[in-house]
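The structure appears below as structure tokens.
We call the chains A, B, C, D, E and F, going by the order they appear; numbering starts again at 1 in every chain.
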Amino acid sequence: MKTAVYPGSFDPITNGHLDVIERALKIFDKLVIAVLENGNKECLFSSKERADMIKGATKGMRVEVEPFSGLLVDYLRKKKTSLVVRGLRAVSDFDYEFQMAIANKKLEPETETIFILTDKEYFYLSSTTVKELARNKANVSGFVPKNVELALRKRFS
Amino acid sequence: MKTAVYPGSFDPITNGHLDVIERALKIFDKLVIAVLENGNKECLFSSKERADMIKGATKGMRVEVEPFSGLLVDYLRKKKTSLVVRGLRAVSDFDYEFQMAIANKKLEPETETIFILTDKEYFYLSSTTVKELARNKANVSGFVPKNVELALRKRFS
Amino acid sequence: MKTAVYPGSFDPITNGHLDVIERALKIFDKLVIAVLENGNKECLFSSKERADMIKGATKGMRVEVEPFSGLLVDYLRKKKTSLVVRGLRAVSDFDYEFQMAIANKKLEPETETIFILTDKEYFYLSSTTVKELARNKANVSGFVPKNVELALRKRFS
Amino acid sequence: MKTAVYPGSFDPITNGHLDVIERALKIFDKLVIAVLENGNKECLFSSKERADMIKGATKGMRVEVEPFSGLLVDYLRKKKTSLVVRGLRAVSDFDYEFQMAIANKKLEPETETIFILTDKEYFYLSSTTVKELARNKANVSGFVPKNVELALRKRFS
Amino acid sequence: MKTAVYPGSFDPITNGHLDVIERALKIFDKLVIAVLENGNKECLFSSKERADMIKGATKGMRVEVEPFSGLLVDYLRKKKTSLVVRGLRAVSDFDYEFQMAIANKKLEPETETIFILTDKEYFYLSSTTVKELARNKANVSGFVPKNVELALRKRFS
Amino acid sequence: MKTAVYPGSFDPITNGHLDVIERALKIFDKLVIAVLENGNKECLFSSKERADMIKGATKGMRVEVEPFSGLLVDYLRKKKTSLVVRGLRAVSDFDYEFQMAIANKKLEPETETIFILTDKEYFYLSSTTVKELARNKANVSGFVPKNVELALRKRFS
């Protein structure tokens, strides 16, 4: 059984993230979605809220959602896998992705980072855009799952 | 009569922005310069100060300058146009520009974003550089209009 | 009346080019589509065939289609305009576009190059891809106008 | 059993390609290495020679090597998989990769393209560099498998 | 005697910076390492701590280390040189580098900025990554000099 | 005495190349301009013609101009230096530059590649653009030295 870890801030999860999850599940038997707890960035939602939104949007899928802090390589060891999934969007911060992927590989040479191409529909979609739109009362129903849309509306009302 | 909106932070307006304005006025009959009020970034000047500096630097041109907040697509509707102008510089944050342009087009399919190539003189000029130079007492007369130069000198004295 | 020139190889015209033409016609009163005769690249179709395909695909639009050779700045002078339109796709050869735009501006400072953002549907579409697909007997009906689809099928049968 | 297709010119196979193959085999049960027969580019080695070199370099691995022409989506159907593997190097032609991946997805929505990060040792290595070095009699033993080194020496002697 | 200035935040100095210093000393007789005092970014270490770490790591080399604030062109004048050294990594913020280099050249046309290619080992290494790893108790001995490793461990204990 | 090698096709030398040469001579005592004889690209001028044009344009400068073929690392050894100069323009083929620089460093670890920032005037200038303009009878006097302008006019008459 092949398990992979999909780490991220997911603040909040978007349809682009969901697209990556669905594609990854064609390749892996199980996906652990690791919600970054103490990232550098300030988050709109707490890590618990973010994990709950992901759980709501991935019901019935072969995923496990949990908050995550510390070193990714330690977390991978704990999860007994060396496989990491990342979405390949036009708006990923590639240099940063590469830095961390290469640093992880130096700390633990077995680590493999796999980039999955998202649908062009989501190629230019990011949590940051979604929050900016929601803050300005835009209808974000085409960008995020229903439960996230409601959470955003509540947060910005 | 063709009207286009040129949105931005303009913190402060530079000769590069002025170059875009002058070029845009060869194409459009009128340009609405929309000064972002509640952007994510902290600004050196208030939106009123920024708008006043633009007014001072664009006297006699076919422009209207006003503070702007909320969704760009709503603002475009209010201004009865679907045309957005952006400067195409080497230092634009393209991915962000594309994200917002594509998000706007999803919210309102009629929106057109037009990128105007700035003079190579201004290709690597940004408000951030100008502020960093002014903070360190550099002579910024080649980078900004006269009224902005004075405002920067006053702010950092 | 504002006229702009849209120069290119159009070997063959794709739905992405058509998208740029339709958007440009929201801004300009007339568009001159200038089909490069003696580009560096070897073409699949002759300049006459390429111009005819464009004419077939733009019937009823405010466009003029003609083969073009020589210097763009001379051509602009002949057409009594200084406005050039280019499509802004992810797969444009930007550096080359910038080089030529800046060279043109040095030869004739009045030249303005305006980049129009194509729909994300066409963001990764190019004539080269289309030809590669058609050569391999793919159905390219989603990528090019009907008359071009037929011409490609004939050429590769 | 998960099978993926790894298409490419492999003219010739480098240690960077081998690195991708080994990493892909941690994820997939079997890898079909599809050697492009009729690519646009002129090749130094025939598709048979290229396939033979790959076979020599992947002995004992769970791979199948075969020449490939036509549409990738048709080939995937024949191989009963929708999974495509590509190496993610600094010197990939990303725009082209994206174009083809998106075109393939439009022709066959089930297609998934997975990008695997190569070791930084191979991040700036390409078949083109290797050929240029070998043509100039450089020692390419650190860049390609032993059998390829010998083939290059013979070809350029 | 050729002297060059190598300005930066060095928060903290990494093996990548040391690599640039060693390479620059093949070209220049002396290197002045100018530690930015009042950069925009918040630093983990004070400018004195950062300068001390550099001194500890460059013992016996032809370098001078000192804190630096104000305009780079003024500092170059004081140091009687017009030569600036920067490391060329994949993760440099190039656009920002170019902006500042071009702004400096506008303020003082004699300024020359020389980019030195770092070893591929350090191509994706930055102070930010190192701090993120150290904060999470990773072993950073392969990324920074010994004295910096100890300082990071102390700071995050 | 510090000598560096500046390799390239120089087909033909432009004002941008001259700018790099003048800047490099502020750093190095002597510059060897190595004119690529057997590059992949087809050239407009023979290597002898290209070398002669460079000699004509660099009279009185501390340069040596000679045709060059084979491996750069061998040539550096012959010239008793490990220093290579490259111009840093927006239109360099960076990936290719990096590939070769890294390959050279693998073949000969002592090799240092130094990138010199050209003036923004020349940032988007390349020999290819110049040839395309000259072929179309443009006035290229602002782009190349006088002797090259004459040679281009003669070649394309």
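Here, a contact is a pair of C-beta atoms (placed from the backbone, for glycine too) under 8 Å apart; a residue touches a chain by one contact, two chains touch by 3 or more.
In this text, all values refer to a predicted model and were calculated from it rather than measured experimentally.
Visitor: Hop across touching chains from subunit D and tell me the fewest hops that reach subunit F.
Guide: Step count on the best path from subunit D to subunit F: 1.
Visitor: Work out the mean Cα position per chain and let me know which chain is farthest from subunit F.
Guide: The most distant chain relative to subunit F turns out to be A.
Visitor: Determine which of the two chain pairs, B-E or A-C, is joined by the larger number of C-beta pairs in contact.
Guide: Most C-beta pairs in contact, of the two: B-E.
Visitor: Quick check on subunit B against subunit C: do more than half of the interface residue numbers occur in both copies, making it same, or fewer, making it different?
Guide: Because over half of the interface numbers appear in both copies, subunit C and subunit B meet with the same residues.
Visitor: Which pair in B-F, C-F or B-C has the same interface as C-D, with over half of the contact pairs matching by residue number?
Guide: C-F
Visitor: In angstrom, rounded to a whole number, how far apart do the mean CA points of subunit E and subunit F lie?
Guide: About 30 Å separates the centre of subunit E from that of subunit F.
Visitor: Just how far, in Å, is the C-alpha centre of subunit E from the one of subunit A?
Guide: Once rounded, the distance between the two centres reads 33 Å.
Visitor: Cα centroid separation between subunit C and subunit E, in whole Å?
Guide: For subunit C versus subunit E, the centre distance works out to 47 Å.
Visitor: Which subunit A residues touch at least two other chains?
Guide: 90, 98, 102, 120, 124 - these are the residues of subunit A that touch more than one other chain.
Visitor: Which chains are in touch, pair by pair?
Guide: A-B, A-C, A-D, A-E, B-C, B-E, B-F, C-D, C-F, D-E, D-F, E-F
Visitor: Applying the document's contact rule, which stretches of subunit C touch subunit F when the two form their complex?
Guide: 40, 69-71, 73-74, 95-96, 98-100, 102-103, 106-107
Visitor: Using the touch definition from the top, list the residues of subunit F that touch subunit C in their complex.
Guide: My answer: residues 90-91, 124-126, 128-129, 132-133, 136-139, 142-143.
Visitor: Help me check something: in the complex, which residues belonging to subunit E touch subunit F?
Guide: Residues in contact with subunit F: 2, 23, 26-28, 82-83, 88, 98, 101-102, 105, 112-117, 119-120.
Visitor: Once bound in the complex, which stretches of subunit D touch subunit E?
Guide: These residues of subunit D touch subunit E: 90, 120-121, 123-124.
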